[in-house]
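Structures for review follow.
Consider the two complexes below, in which subunit A is the common component and subunit B and subunit C are the respective partners.
Presenting the complex of A and B:
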């Protein structure tokens, strides 16, 4: 893989995140609304709403990673080429970190909006369950010994196929709505730019981290193979 | 010989070994019974609390006892490396997989058959108000558990920390199944029983089983063969 990918995406992410922070805190309007009688309504969150730009951006990457990891694991089981396994593992490991951000920011949001730290609200639950699958994947990778790649690939595939079931299971919610009528689609103009720039910036950050992890996994394997060859030839002891 | 008959042969082989020693059956059933006794002390025993908690108790017992049974059933294949012999046998791998899943499912069903009456007896849980749908739900849940469980227990056969990793892999993947099972049972024992919800979750479980059965059949070979 090209050596430039990580630096380029890293710089894009750094600039993007800086711009996103500026837009979110300096440009995007505060979120509040009124009842017909003039009183502030319950969905007025003011500065608390700012966490939305980062929470949702990270959540997108978490969901994307489940599919990247699942599809690459299918490719790995079909072809047995370790490059696919590297991508699946890298995406999952990075997504575990992103998922932690989703859960923490989601929890903060829940405290601000509903005055509880955790309310088993469906999409937060869904993030938690997907995160648990990814965390299980990482544990398997770490502790299952030589056949860890196969077992983890199976877990990624089963986890990906389970997503629609988790989605149906958690059902309807108090979460801000998604889809055509949802929060993302109906953002005000000032909010929309900030939101999508934030998503793009964190996507770059995600890609940079995943590619860096893939490269380190590849380097690890090359080193191991070289060492084995050295041992076979009797050069190393 | 059709695949199903070959699968039945594999399952019958497992069950015959089991019926001779009864090791897995007795230990699993004892463990599940013990769980019910622990529940009786761990949770409030008034009628309302039991009605709320009994579905969860039932499915937790199935999950825990089932995991123990899965691990042990596959350990048996490891001890004399008979898994290799099974995989080398001149039958489709599909038959080996299905046979394993069937024998596990029968063991877990036996455990459910022990622990459900115990929940009724010790805690007075009203589980037998609609026995037909309850049996169907347990059957669907156990099928899904055994199918997914057999795949991963087989892949973990050679792994040293398999006992710890089996639940680490299975529980996150099976949460939808256990939640669906719990919700169905809850809808069944509520007064009046919410058959609309029961039907929804039974369909959910049916689709879940079908999807994961296909997926397991499809991946079993590439996951188990080194």
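Presenting the complex of A and C:
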């Protein structure tokens, strides 16, 4: 794997996040509801709406990571090639980090907007369950022994199947709607650029982290092979 | 004619109360608590209820106050109207205070940046911890691989 991938995507992410922060705090208006011609047709938003740009971007990356993990796990179960397992594991660990950010920022935003840290509505509960499944994946990889990769692959597929439900499970709870008529699709002009640049920046960040973790997984594999050689040669006991 | 006399007496009362108040003292304490009109015959205790720590009033103020108290004691309707006026003023003040409290709370919710700061801090802390975890693991692996390679090469020789 090209060693430039991580630094290049890391720099892209850093620049993108800096631009996104500038846009979010300096340019994006605190208003919503625009006509197609750009005229305001809604009302003012609270300042805590600024959390939206990173909370939702992290949620998108969480979904992307879970999807990558699920697809690579299917490929691994089918082919048993370790490269798929490496990517699945890397994506899942990154998903745990992104999921933690989603849950924490969402909780803080809920406190600011709804005056509750948490409520057990469907989307929040499903998101928490997804995160626990991902955490379970990591724990299985750590403690389940020789068959851990296959058990974990099954968990990753299970997690992936849950993502569409979380995405579509809206309109029934306090979250704003998703989809074509949802908040993201109907963002005003000033908000749209800030949001999508934020998503692009975190996508670069996601790629950099996954690739770095894959390199680490390969190093672990190399270490295991060296240990086996050491045992064969009698260097290790 | 009666209304003119009520107005004049009210003015006298207000001037009397104002001159009897020490500078910076609480105003309208009886009205603030929504207390009723002073009962007839209790005029002597009324000033103490208005201002628990009165400054030594001047003789002119004492005269004015006495005139007002006498007028209120002689005409319960007039006394009631005085108390009602004071209550209305106190209610206006309470309404203004309530409105200000709500306006402040509204502005605090709308403009509060505390939760935004907490949220962003959490995001960066989690990201930093994950990067630290990755970097540390990578360094340990590199060291271990290098040591093992060295040992294996030495054993092969």
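As a convention for this text, the second predicted complex is superposed on the first by the 206 of 237 C-alpha atoms of A that agree within 3 Å, B and C clash if a C-alpha of one lies under 4 Å from a C-alpha of the other, contacts with A are read in each partner's own complex, and residues count from 1 in each chain.
Basically, a contact is a pair of C-beta atoms (placed from the backbone, for glycine too) under 8 Å apart; a residue touches a chain by one contact, two chains touch by 3 or more.
Fair warning: this is a prediction, and the values are worked out from it, not measured in the lab.
A.B. asks: Quick check for you: in the superposed arrangement, does A:216 touch first (subunit B), second (subunit C), both or neither?
C.D. replies: Touch partner of A:216: subunit C, not subunit B.
A.B. asks: Should A:19 be classified as contacting the first partner (subunit B), the second (subunit C), both, or neither?
C.D. replies: neither
A.B. asks: Please indicate which partner A:47 is in contact with in the superposed arrangement: first for subunit B, second for subunit C, both, or neither.
C.D. replies: Only subunit C; A:47 stays clear of subunit B.
A.B. asks: Under the stated touch criterion, which partner chain does A:75 make contact with: subunit B (first), subunit C (second), both, or neither?
C.D. replies: Neither partner.
A.B. asks: Considering only touches as defined above, state whether A:8 meets subunit B (first), subunit C (second), both or neither.
C.D. replies: A:8 contacts neither subunit B nor subunit C.
A.B. asks: Name the chain, either subunit B or subunit C, that contacts more residues of subunit A.
C.D. replies: Answer, by number of touched residues of subunit A: C.
A.B. asks: Between subunit B and subunit C, whom does A:64 touch in the aligned arrangement: first, second, both, or neither?
C.D. replies: Neither partner.
A.B. asks: Under the stated contact criterion, what part of subunit A meets subunit C in this complex?
C.D. replies: It is residues 44, 46-48, 50-51, 54-55, 58, 94, 97, 100-101, 104-105, 108-109, 111-112, 205, 209, 212-213, 215-216, 219-220, 222-223, 226-227, 229-230, 233-236 of subunit A that touch subunit C.
A.B. asks: Under the stated contact criterion, what part of subunit C meets subunit A in this complex?
C.D. replies: So the residues of subunit C in touch with subunit A come to 109-116, 118-120, 122-123, 126-127, 130-131, 134, 137-138, 141-142, 144-145, 148-149, 151-152, 155-156.
A.B. asks: Using the touch definition from the top, list the residues of subunit A that touch subunit B in their complex.
C.D. replies: Residues in contact with subunit B: 77-78, 129, 132-133, 135-136, 139-140, 143-145, 147-148, 150-151, 153-155, 157-159, 161-162, 165-166, 168-169.
A.B. asks: Subunit A touches which residues of subunit B in the complex?
C.D. replies: The touching residues are 148, 151-152, 155-156, 158-161, 164-165, 168-169, 172-173, 175-176, 179-180, 204, 207-208, 211-212, 215, 219, 222-223, 226.
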